[in-house]
Amino acid sequence: MKSRTLPVFSLLVIVALLLAACGGTPTTTSPTQPAAQPTEPESESQPTEPPAQPTEALAASEVPAGTEAPAATEASATGGNLIYVLPTDIASLDPHALIETVSGMVDLQMFETLLALLPDGSVGPRLATEWSVSDDNLRWTLKLREGVVFHDGEAFDANAAKANFDRILNPDNALPAVRVLAGVTEVNVIDDFTLEIVTQAPFGPLPFHLAHYSLAMVSPRALQEMTPEELAQNPVGTGPFRFVSYTPNESIVLERFDDYWGEKAKVDMVTFRPIPETAGRALLIETGEAHIAAKIAPQDVDTLRGVDGLHVDVNAFPRVIFVHMNESHAPLDDVRVRQALSWAVDREAIANDLLRGLAVPATGPVGSGVFGYSKTENYGYDPDRARELLAEAGVEGLTLKMLVPAGRYQGGEEAAQAVQAQLANVGVTVDLEVLEFSTLLQAIRKPAAESEWDLLVFGFIPATNDADWQVYSQFHCDSQAPVSNNFSYYCSEEMDALLEQGRFTMDQDERLKVYKQVIQLALDDAIQLYLFENTDIYAVRNNVQGLVYMPIDYQFLNTVSLSGGD
Amino acid sequence: MTEQEVLVRVEDLIKHFPVARDAVGRRRPGHIRAVDGISFEIYRGETLGLVGESGCGKSTAGRTILQLYRPTGGRVIFRGKDLTELKGRELRGVRPHMQMVFQDPYASLNPRMTVGQLISEPLLVHTRQSRAERQRRVRELLELVGLDPDLDRRYPHEFSGGQRQRIGVARALALNPEFIICDEPISALDVSVQAQVVNLLEDLQERFGLTYLFIAHDLSMVRHICTRVAVMYLGKLMELGPREAVYNRPLHPYTRALLSAVPVPDPDLEAEREPALLTGDVPSPADPPSGCFFRTRCSLAADICRAEVPAFREVRPGHYAACHFVPMEGW
Amino acid sequence: MARLLEVRDLTTCFHTPEGVVHAVNGVSFDLAEGETLGIVGESGSGKTVSMLSLLRLIPEPPGRIVRGQALFQGKDLLKLDREAIQKMRGSQVGFVFQDPMTSLNPLMRIGEQLSEPMLKHLRLTPRQARNRSLELLKLVGIPGAAHRLDDYPHQFSGGMRQRVMIAMALSCEPKILIADEPTTALDVTIQAQVVALVKDLRRRLGMAVIWITHDLGVLAGLAHRVVVMYAGSIVEQAPVRQLYKDPRHPYTLGLLGALPRVDGQHAERLANIAGRPPDLLKPIIHCPFAPRCRFAIARCWETNPALLPVSDAHQSACWVLGGTGEPFGETQVD
Amino acid sequence: MLRVILSRLLQAIPVLFGVSLIVFLLLRLVPGDPVSTFYGFDVGRVEDLQAMRHQLGLDRPMLVQYVDFLADAIQGDMGTSIKTRRPVATELVRYLTNTAQLAVAGMIFAVVGGILLGLIAAARRNSIWDNLSLAISLAGISLPIFWLGLMLVWIFAVQLSLLPSGGRGDWHNLILPAITLAAPSVAVIARVTRASLMEVINQDFVRTAYSKGLSEAFVLLRHVLPNGLLPVITVTGIQFGYLLAGTVLTETVFAWPGLGRYLVDAIKFRDYPVVQGGVLVIALIFVTINLVVDVLYFLIDPRLHSEAAK
Amino acid sequence: MTARVKASGQPTARPGLGARLAEATTGRQALGRLLHNRMALLGLIIIVVYVVLAAFPSILTQHDPNVQNLARTLEPPSAEYRLGTDEFGRDVLSRVLHGARLSFTIAGLAVILGGLSGFAIGLLAGYFGGAVDTVLMRLMDVLLAMPGILLAIAVIAALGAGIGNVIIAIGIYNIPQFARLTRSTVLGVKTQDFVLASRSIGSSAPEILVRHIIPNAWGAPFVFAMLRFSTAILTASGLSFLGLGVSPPTPEWGAMLAASRGYMRLAPHLVLAYGLAISTLVLGFNALGEGLRDVFDPRTAR
């Protein structure tokens, strides 16, 4: 019972089946073909523009952000669709609802803050041209830039700015941005282009806060007319790009805003593509499907460096990865034990071997690009010393429970495993538990008495790039969890005094000195076990010109251009 | 015959099943009238044959009498008790006295149990015999049914169909019952083996004075083994009477048709015989005809058959039939 | 009567994981035109396999026709190529199977199934085939045939389905109708209908019929000649009267004795054939019935007897009762 | 027919209700809540957290939350994502479209490959083809799909540069994920097809068909295949359901913005409305697929037809 | 109608299978038939090799699976490290073998947990029918309507990661499948004459369950369990791959595969080693399961 015609018959049957089964699949266009991409802009815009007049102020630089673009690009000026690969999808297009830098990166192309970070880590003017503080250090006056229009044609002025601050400060709105304005009591309009910000207590870091992406200015008309849900999908700002479309987990498309007050964008469009998988990001840039890929994984660097037509930029990223030591638990309350653990860890091996030289051994709690950083001597690798100190403290057969958030920090889980192995080397057993970040937060956001962990791998970068944001929340007695981020339950009067001094001082040079002491004290007390600073690795196609990296993980893309032929 | 002791009395026994769920799982309305009001008596020591075509409800009747299916209505009087009213422990107390031999010797023996375990299961349930006692009894029973007592460690699949049926008989005999329902005990067996089993049943009846209800569709075999015969059609009794009377002078047209359809292994007789062919098929028991259930295939059917259900009457002493036209027959 | 089919030394075995099953061992018989040949035997006697082997309908593998010859109109069916044998099936030889409930394709309308052989062999148009299907349904006595062509098999009762099967087998007016236990799955009343139908059709259409059964009763009134099979071999064949009146093989004797009769001419006790059929996994050199035979002599255990002539048309494979000897009356049976 | 569908839908209601309840409870059992995750650890003020919980209605009693969720869900309102503040329903539709695209493409591979393999194996029983088909199907159910995906990317995207490595785009982007996703289903469908066809091949009516003189190809096509495909339809339906769910891993490997990955992220983030809505939608799809399978049976098998007509 | 399959994915039991399994396991034939089935034999050999190596990893390697050597990371296979080293400089071979141990544990316990619970539920639902059946089976429907891996993810999200919770998650996800299979098997067995025969001699429900139903109903679920073993291994590694499984440095295959994914180009031997380790063992269980099915269900036998 055999026949050769059988396979043909079966094929026929299957084809028939399929025709019945599927009514055609939707197709989408390739991101490499920008022409096919754009959809109708969702926000209307009727630009009108008064002229801009930058003026000087306290800040060191008068250069508007992103004007340092190489001359070479000026000629090849306009055109093209810049494809930028993000490590995650964005959370929201409403800047006031933001909490993380990836969304910040995208929003900052469409929105602007009053002040802005400069590539050197200091603060400069943006929508505000100058700022000053009153003698009692409580009232800040800002001069606003004139001639700025929102994408919907609304003019930017003090009333618009106040509308933004009022929205954020209104507790009913429960906007995450409010935390950046902690201590601000009111915002007043002095005249059309003068704004006054009043704080409860003297607050030195305020300029850094005003540069935070979540305090970006949204069109007052949009604020008035749109619900929060609509705002999250229809960004209307003053930035060099305006919004075209957003397909969650697929793409965010922006186009040049021609009525921008400053340096107009050189590319026609920017397309952000979120690719959470590190390997996927590397592949996209390697195959030329993208121009810029952020957060390249260390293990992909060697490969990408060998690929023609692109280069890898390894930037310092001042997020310090460290281990909280729960000082409410014996024997971690003994400084010798904490020091012993600090001596037991081989930072060099972790940074150089495990993380393939793409991490930098940490020198202390504050990252190297952050305002307030100063170079200090961290603990070296000395297991013998560690064993001695442990013996001295009378500790034997110590078992500690270590928590590490899953996938949160580059190299975090690997480092945790290395630390585990290295501590085992000095006789300390570590039980490692990897937790989803949300679960981890639930587990650690507890008063000391309820805490059930001993070690906690953590990373921190002050969102404002000002050390105050970090050290105050981590070292101050009043910041002990669950109130804030002092998960080590560390508490000393000396530290508290320094932290308060840093916050109330208006003079930024003075503040630098204070933070140097803070850092030294943190190391002496071995409050935390400092491991390494992340690096920020970008892979960039060689035809991308004028890309400038800002200290905290973002770039202004209006300066970027694409030269022909990739 | 009237003086004989009645062992089992079945009164207006009814068993209806709900119509099975259809393929998409919906329950259809109505029910299958598998057994639809039958009454008869079984005398001690006799073999009552219950015959009918497949689907007529004869097996269901047997199982309902034994309370393996709980009846929808009616009574079954056995040893002075109405079995339909007994429950749980009480009912189980009666079970040793009435047993069953099943149709399918493959399906009715648990393949996971050895012959020894199978035969001793009733002993385990109903007696407090020791292991050794049970073992002895098993050997005794195996010998009784003509099997090698040393085979008690074997599993059912190691036996042939006939041998398995012997095991089934041994098991039924384990508790010395008075009454055994044989539910088509030979229909799954080859001709040459059927005779073995029938002979065994006859021997055992003689030896232990057993009473059988012998359910079968093979009219020849029923004639051979039974003393009285009951004919069922669509859940109802059509005819009941002594063997010779039913076979030689059947009252009911259905019985006559049934008998004439059975071929005789004699070419000469067959050549002469012109069987009275029944037309059509058996109606669905879920939707039986009005009046006499047999009327749709009956050559005598008249208007009265459509309108009235014929009574099951004693036409001659001990010979009952349910047909409107019986009295007119010149038998 | 002219010989229509001449089967010689047909041998078929099955290769199973347990070993080779010798299902049919050298079966030879003839079939005359218009004759009804009954083949009787218990389950596993090889009667069905030998018939399926004729038209090579056994699944290969595991089955294999080892040797033999089946001359039909001068052609050896066992040697025909695939297409040729396909042309034989349905057109020259029609088949009716045991279980009418499973022998029809449940997803196809009756009319279509009936038409298939006619479309294939008679090259009728679908229209013509349909008309003829209707005639066939009427021929086999299906009431309301016109309305039933478009019904599905499940809408038919068992008896009706078997009628459909018969109609299908006869659709191309074959020379031979092979009916493989066509009434075993049916009730007696329906069996009587089917038997009557086939007898009637044979008379009207004149084809030869091979009727396989395990029931000697059915054959008595139906067959002209009867072949008795046991363990894959023919043990006796004879014209129907001779076989019933003068059985010359202990197995035939036993079968007849084990059969109670509805007409009441029954012995007080049924004849027993002790034991069970042999295991076909092992090749048998002695008489396969010897282990169960009351008459067995030493010779039976040494050589398997061939079919020995009892009379012209009567042969038996028995060293003791076969051959031209004294007849055995049935009363002598145990 | 309509009655069948209707009664099926009625049966589905308690199932969906149960699913919603279990998901709801499971999520509430989970340590971690969306608000604390949302704020990360930057926030210093407990009252801010409380304000947001209040705004999101998370401080209400569980029963009230559940009843509200159900009431809204019945009207098609799945609430608003806590993370993105977008309506869950529209989000789900978008991701579901992407996933369905992948699943349908995968199903095509699965059905074509599976039936072909099964048919060849059954018709050429115990031949080299049968063994090859067996080997392929064993591999199909044995390779972890995330590894298979990686290997395919490695070969076709990295080494050969023939196909894109991931992400959504034109049909090229669909090939690798669809094959990956389909692999286990190919295997299952092939095995079921083979078994089913072989069972049918041994049935009496096939012998009848041969006895009519029909050719093998004709018998296989006209008699064996239609009967053999009945269980295949069921399995295909189930596999489609599995495929839809099994996209989680495939979507992760291929950076495919689909429902599976979206839901896993939502579970990690504790985005209650998204998880509740998503699981409910998937359950609904399962139920629908079962219904479709029943209806298909109905259309194909005349035995069911007439039963329903009674 | 041909065997219908419900949403669970496994065909409704053929009543014959249990009985046939039972028949064969009563003698030595079961093993004999199994050993004659090439596929089952292949599966058996693979599993036995894995069991032996997982029990005694020192046959092949002396390295501790957790000892790191950051100076020797990502080395290709060599005489010292037969499968090379991973990103921590750990011995890959040792980790693969210890991973097998873990896979056996997780899959074994999960299948036993799910299998026994499902068996019990199916047994009760099938034997008693009626309301018991309705309630239990609706519950199973609910579990089935939630896609397996998402259910497992949700359970793990609720309970937290860790070996125990992975086992529970996979176990729960197996319950309805076993319950359905067992129920349909029991329904088949329940109507068999030998059950009726036992009732006719007066056995009580528990006696019938223990003596007749269970011995004849465990066959199909048992064969199914073999196949579920492989699914359990795959699911466990899939969960770990998604980062929801066990905590590092536990050598879990899926987790190791996920970690090594980043090094696919620098050190392809990692991805290959872990992937092949999973595939081979899963293949072993699948082959054994298919083989068992063939042996006891001759209709599909090869």
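Letters A, B, C, D and E name the chains as they come in the text, with residue numbers starting at 1 for each one.
Everything that follows uses one rule, which is that a contact is a pair of C-beta atoms (placed from the backbone, for glycine too) under 8 Å apart; a residue touches a chain by one contact, two chains touch by 3 or more.
Every value quoted in this text rests on a predicted model; they were computed, and no experiment measured them.
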**Study point:** Any chain that touches chain E and chain C
**Key:** B, D
Revision key, fill the gap. At minimum, the number of touching-chain hops separating chain A from chain E is 1
Check your understanding: Counting one step per pair of touching chains, how few steps separate chain A from chain B?
Key -> 2
Study note, to complete from the structure: Contact-pair count is greater, between D-E and B-E, for D-E
Study note, to complete from the structure: Whole-angstrom distance, CA centroid of chain A to CA centroid of chain D, is 37
Exercise for review: Express in whole angstrom the distance between the two chain centres, defined as the mean CA positions of chain B and chain D.
Suggested key: 52
Point to revise | Approximate Å spacing (C-alpha centroids) for the pair chain A, chain C | key: 88
Check your understanding: Mind pulling the chain B residues that touch 2 or more other chains?
Key -> 23
Check your understanding: Do you know which chain D residues sit against two or more other chains?
Key -> 30-31, 126, 158, 202, 210, 215, 227, 252, 268, 301, 303
Exercise for review: Note the residues in chain E that touch 2 or more other chains, in rising order.
Suggested key: 1, 4, 157, 160, 261, 264-265
Study note, to complete from the structure: Listed in rising order, chain C residues that touch chain D in their complex are 52, 55, 57, 59, 61, 83, 86-91, 94-95, 97-99, 102-108, 116-117, 120-121, 152, 154-155, 165, 168-169
Point to revise | Partner chain B, residues of chain E touching it in the complex | key: 1, 4, 19, 22-23, 26-27, 192-194, 196-204, 207, 211-212, 215-216
Exercise for review: Going by the contact rule at the top, pick out the chain B residues touching chain C in the complex.
Suggested key: 53-54, 160, 162-163, 190-196, 198-199, 202, 217, 219-221, 223-225, 244, 247-248, 257-271, 273, 275, 277-282
Point to revise | Touch list for chain D against partner chain A, complex | key: 30-34, 36-46, 48, 51-52, 54-55, 80, 83-87, 91, 94-95, 97, 101, 104-105, 107-108, 111-112, 115-116, 119-120, 123-124, 153, 157-158, 161, 164-174, 210, 215-217, 220-221, 225, 252-255, 257, 261-262, 268-270
Review point. How about chain E: which of its residues touch chain D in the complex?
Key: 1-9, 11, 39, 138-139, 141-150, 153-155, 157-158, 160, 230, 234, 237-238, 241-242, 254, 257-258, 261, 264-265, 268, 271, 274-275, 278-280, 282-283, 286-287, 290, 299-300, 302
